[in-house]
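Each of the two complexes below includes subunit A, the first together with subunit B, the second together with subunit C.
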Partner chain A sequence: MSTLADNKKLFARSRAIQRQQTKVSYLFLLPALLFFFGFVVFPMIMGIYTSFFNYTMKEFSFIGIRNYIELFNDSTFGQSVTNTLIIAVASVPLVMLFSLWVATVIYQMPVFSRSFFRGVFYLPVVMGSVPVVVVWKWVFHRYHGILNWTLSSLGIISENINWLGEAQYAIWCVLAILFTTSIGQPIVLYVASLGNVDQSQVEASEVDGCSKWQTFLHVKWPSLLPTTLYVAVITTINSFQCFALIQLLTSGGPDGSTSTVMYYLYDTAFRIYRYGYANAMGVILAIIIAAFSAFQFRVMRTDD
Partner chain B sequence: MSTMNTMTREQRNMRSPYMIAMTILMVLVALLFIFPFYWIITGSFKSSAEINLIPPHWFPMDSTFAHYERLFWEPAWQWLFNSAFMSFVAMVLVCIVASMAGYVLAKKQFPGRLAIFSLLVAAMALPRQAILIPLVRIMNTLGISDTPWAVILPSVGWPFGIFMMKQFSEGIPGEMMEAARIDGAGEVYTFLRIVMPMLKPAFGALAIFTFIIVWNDYMMQLVMLTSRRNLSIALGIATLQAEFGINYGLIMAGATLGSVPIVLIFIMFQKYFTQGIALGAVKG
Partner chain C sequence: MNKKTLTTILVVLLVIAAAVAIYFATKPAQEPKEAATEITWWAFPTFAQKDAKDPAGTYEQTLVDAFQAKYPNIKVKLETIDFTSGPEKLVAAIEGNKAPDVLFDAPGRIVEYGMNGKLVSLNDLFTDELKADINNEGLVAACGDGTNYWMYPLSSSPFYMAINKEAFEEADALQYVNLEGDRTWTTENYVKALEALHAAGKLTSSVYCMNQGGDQGTRALINNLYGGSMANADLTKYEVDSPENRKALELVKKLVDDKVLEFGPEINAGGEIELFVNKTLAMTICWGTTAAKINTPNMDFTQVWLPFPSDDGKPVLEYLINGFGIFDNKDEARVKAAKLFVQFLCDSEEVGKANVLATGAFPVRTSFGNLYEGNADYELLTAFTKYYGPYYNTMKGFANMRLQWWTMLQAYLSGNTSLDDALATFQTESNKDL
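The block that comes next holds the complex of A and B.
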């Protein structure tokens, strides 16, 4: 009898503790949730909602999915989606391979050189897009640029190329700069995860006479897979969101040839003030990014 | 012979022809990455004539401070201050808000925990640009557009910091908090005196990470800040570039003023920075 009463009391007490813990937890979460709901979730809902409106400086009227229908027939938007995909598809494998190469090389260096190189490859990210683009704009300049000068003094070109002014070149210029600002983080990640590779297995495979390449393929690579997945996802998101470089370098030109979804969205919203239409683009962009990330998870998580 | 034996595995590795070749290659590639930084600094001291020379002078021969004098006709110090202010305040707020949230998400059991965490993670994959226009509206409504707060508040809402702090908090041994509770410590005391000191490296990482991200958040600054005095340094340089496109000296001086401080800060705290990125991801 008394034990039952004790149990009941204990139970009631533990429930009280749990209630109190829940209260405390939510109090600790409160500031974060306020910011998160106020400046992420709420604007997200607002964005989706207004994408069904003809929403400009003067107007605000419900038009259903007409913004979306217009998007599918908008050739500049089509061009922007294509460019976005080209940038993502070209930069992800490049960034992954190059950063993996850098990481494996600098991982074998002494601590000081390792952090030196890690810092150097991070430099373009830390400097920020604006200073980086200032320099590259000069590099690509038709008349004062060092690229044309180098190529013509080597005899590769006979006439100065208008790198940023011609559709066939401009997007590759964007890609080149994006590349230099994308590899810093993957290198840091790869160096860190190389440190987590089981050294005894590496040594065992070396004793067994495996070549460096075999050791890499069979011992190191499998344990780098989660990092590779993460790198693929963040590089994809980064490339999809490539905006500052384009706005500063080409403003989407010439003729929309370097316009991305992100740039076109900005242009639509802040130059011609069609907010609803721009928000519809934002929704589509979010869907594309989610689809890409899900796809990468499925491809790379096969053996889990 | 004896020196051979005392050499570490690492050192022997470094002397192999493969590593020597790789190191040389690495140095060449590294020069390409240092080049932009070197070029804006040296460029800012070249005379306007020298800057446009082809072939270029790799080092300023005809150095001048004229571009800096011209730069400070603009409110460049104010821009620099604005950038520092935004980055600093965002950094402090993110550290406080994210550590509190990350700690309970990692260490407490309560209904709704998983749902909240999943929502935060899902939001991280969202393109921030998709919420740009609504954010501008919200800032207008709050009456803080064209102020540093319009840039600061959205960066505090971004869940990356919470995610990172949760990863770090998971490493705190539960016994320590148990012990504190048995000693009669309240929740706030436990958090301030037990949890926070153990999160020190995490604070270092998150702080420097947030500082750099906000400093370089060109897009948010571009849509939120409009009047000339309220610009960030990055936005200021971009404005100068749009206005004085051919005055490379002035723009390079601005770019130097904008990037040298942040690069110095990065070098000073690089250790924390790399730790943070690595830990946030490897465990995640």
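The block that comes next holds the complex of A and C.
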């Protein structure tokens, strides 16, 4: 009897300690939660709420889904959605494949060389958008750019190309810059992830006569899948939210050929003060991103 | 407590009370302490710094110091903003209820904020005396919306063109430029000059249209070529679709297609000016006193200022007014302090004149007299002022119209859209909120 009573006491005490620990955990989480609710959840709810209003610098009146109806009849918005999709669909696989390739190559290098290349590829990420775009603007400059100079010196072009001023080139220039600023983080993540691959399995597969490709596909790749999923989702979100690059490089031109949803949203809110309409765009963009992310989770999910 | 102790306590208390009463009764009444008022001033870089090496805001800070010395109970917090990110910062601040008290800008934005209910009316500052001193109905009207005045003006100057004289001479194109009198010139001669420059292998000028930066240059060029305008006569509707503007746009398109004129959807006026200053382009269509003041030290060629070419040789020029708006931050004391500050900057003989000179423009007050006596360039600009056109920058929907303007230029000049469609879209979109 006394043992049962002792166990009950012990159990109750253990639960009390657990409750106490939970409380302490929540208290530790509280600052982050407050920040999250204040700066993420609340603005998100406000964004959805105001998207149903004719919200401008002067007015704030409920208009139901009229902003959304207008959006679906807005050709500039349509073009911006198309451009955004082109950027996302073109950049995500490219970034992932290139990052994976670079990571596998530099992973085999000595520590110093590996760190050096990680630093080189990560540099555009830490530099920030403005200096990166300024440098690329010089590269693509129509009259004095190094790209035109190189191509004409090699006899490839006879007259300068207006890289940022012609629709057929501008979007690819944007993609090229986005690519350089997007690969840094995936490379670092893949290099770290390759370090977690079970070497005994790699060696076993080699002993069993697997080719390098077979070893990669059947041994390394399954270990890299969680990282790949993370990289895919983050790169997709960054591509969909491509804004600073467009604003600094082309302002959405020429003739809307590089306008993205984020840029058009910014233009609508800050240049013509239609905040409600801009928020409706934000809601649509969030839905598209959520759909893409869900699709990626479904395709690349791992059981563990 | 016995009776004696109680009596002693009461007597002591009475004595203390009496002493306190006598002290306060005889103490001279103190002035109620005036609480210091703090206002914020956001300034675009319109004032040139005394030394070009000085960081932005150095000159403005001297004004703040002088004001605070005169009014020690008012503290002014200065923040400089630039033309690239400044407008967005302003919108964010306005919507976040963190707007500055004083803004130094031009009427386009200020009057728009006023019409949206974000500013305090300055009708009380626009006395008959001030209006008589300005002595220019158009300029006074540009400071408001017809009911309220929103901007307190300081200085004004025209926008014009500039050419690289040596480049024109080398291409034998200077013969088409009128260097006499007001230097007015015709569209025909403008085209001949462009063709001569092009034939000599020079890049002439760019129809830039990346965004709204310096878009007054492209508007002035196209409106002037055949006598078109941006709005109807009573400034109630944007009216670009006219035979005159169609003819001008068709001419510009032809010149672009023939590579006589550069099409610049990748640059704004800042980029175009840079190309002019580094001698890539032989002329700029977005020159003004501020641009000249900032860039002249970096130019190793002779700049010649010209009005925009027109069919009949009579240009209609756009112009800039520099002035101050006061945000309604629901605090009477701050509004009062802001008005005092603005008047200090604009009205006082010494500070006002120095500020006009720092903008490189003309004073709006006639009482300030001629601040540029003997300066040939400014005598020419004085002559340009008679060509000032109607001030449509304070029309409703001006910000949206600017967006539609450069979008229209990109669409038409890139060849993606017909002139009919481009103009129809402009007309519909720019007038939809009017």
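Just so it is clear, the second predicted complex is superposed on the first by the 275 of 304 C-alpha atoms of A that agree within 3 Å, B and C clash if a C-alpha of one lies under 4 Å from a C-alpha of the other, contacts with A are read in each partner's own complex, and residues count from 1 in each chain.
By definition in this document, a residue touches a chain if its C-beta (ideal position, glycine included) is under 8 Å from a C-beta of that chain, and two chains touch if they have at least 3 such contacts.
Small disclaimer: the values here were computed from a predicted structure and weren't measured.
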Superposition on subunit A - do subunit B and subunit C clash or fit: clash
First (subunit B), second (subunit C), both or neither touched by A:V134: first
Which superposed partner A:P110 touches (first subunit B, second subunit C, both, neither): first
Superposed model, subunit A: greater residue contact from subunit B or subunit C: B
Touched partner set for A:Y68, first subunit B, second subunit C, both or neither: neither
First, second, both or neither for A:G282, with subunit B first and subunit C second: first
Subunit B versus subunit C as contact partner of A:H144, first or second or both or neither: both
Touching partner for A:G165 - first (subunit B), second (subunit C), both, neither: second
Subunit B versus subunit C as contact partner of A:F179, first or second or both or neither: neither
First (subunit B), second (subunit C), both or neither touched by A:F270: both
Subunit A positions touched by subunit B in one structure and by subunit C in the second: 143-144, 266, 269-270, 275
Contact set on subunit A toward subunit C in their complex: 56-58, 142-144, 162-167, 170, 250-251, 253-256, 266-267, 269-273, 275
Complex interface listing, subunit B residues touching subunit A: 10-11, 13-14, 18-19, 22-23, 26, 29-30, 32-37, 39-40, 52, 54-56, 96-98, 100-101, 103-105, 108-111, 113, 116, 119-120, 123, 125-135, 137-138, 153-154, 156-159, 162, 187, 191, 212, 215-216, 218-219, 222-223, 234-235, 237-238, 241, 248, 251-252, 255-256, 258-259, 262-263, 266-267, 270-271, 274, 277-279, 281-282, 284
Complex contacts: residues of subunit A adjacent to subunit B: 18, 21-22, 24-26, 28-29, 31-33, 35-36, 38-44, 46-47, 50, 102, 105-106, 108-110, 115, 117-132, 134-136, 138, 143-144, 146, 149, 153, 180, 185, 188-189, 191-193, 196, 212, 226-227, 230, 233, 237, 240-241, 243-244, 247-248, 262, 265-266, 269-270, 275, 278-279, 282-283, 285-286, 289-290, 293
Subunit A-facing residues of subunit C, complex: 87-88, 91-92, 94-95, 113, 115-118, 203, 209-212, 263-268, 275, 280, 399-400, 403, 407, 410-411, 414, 416-417
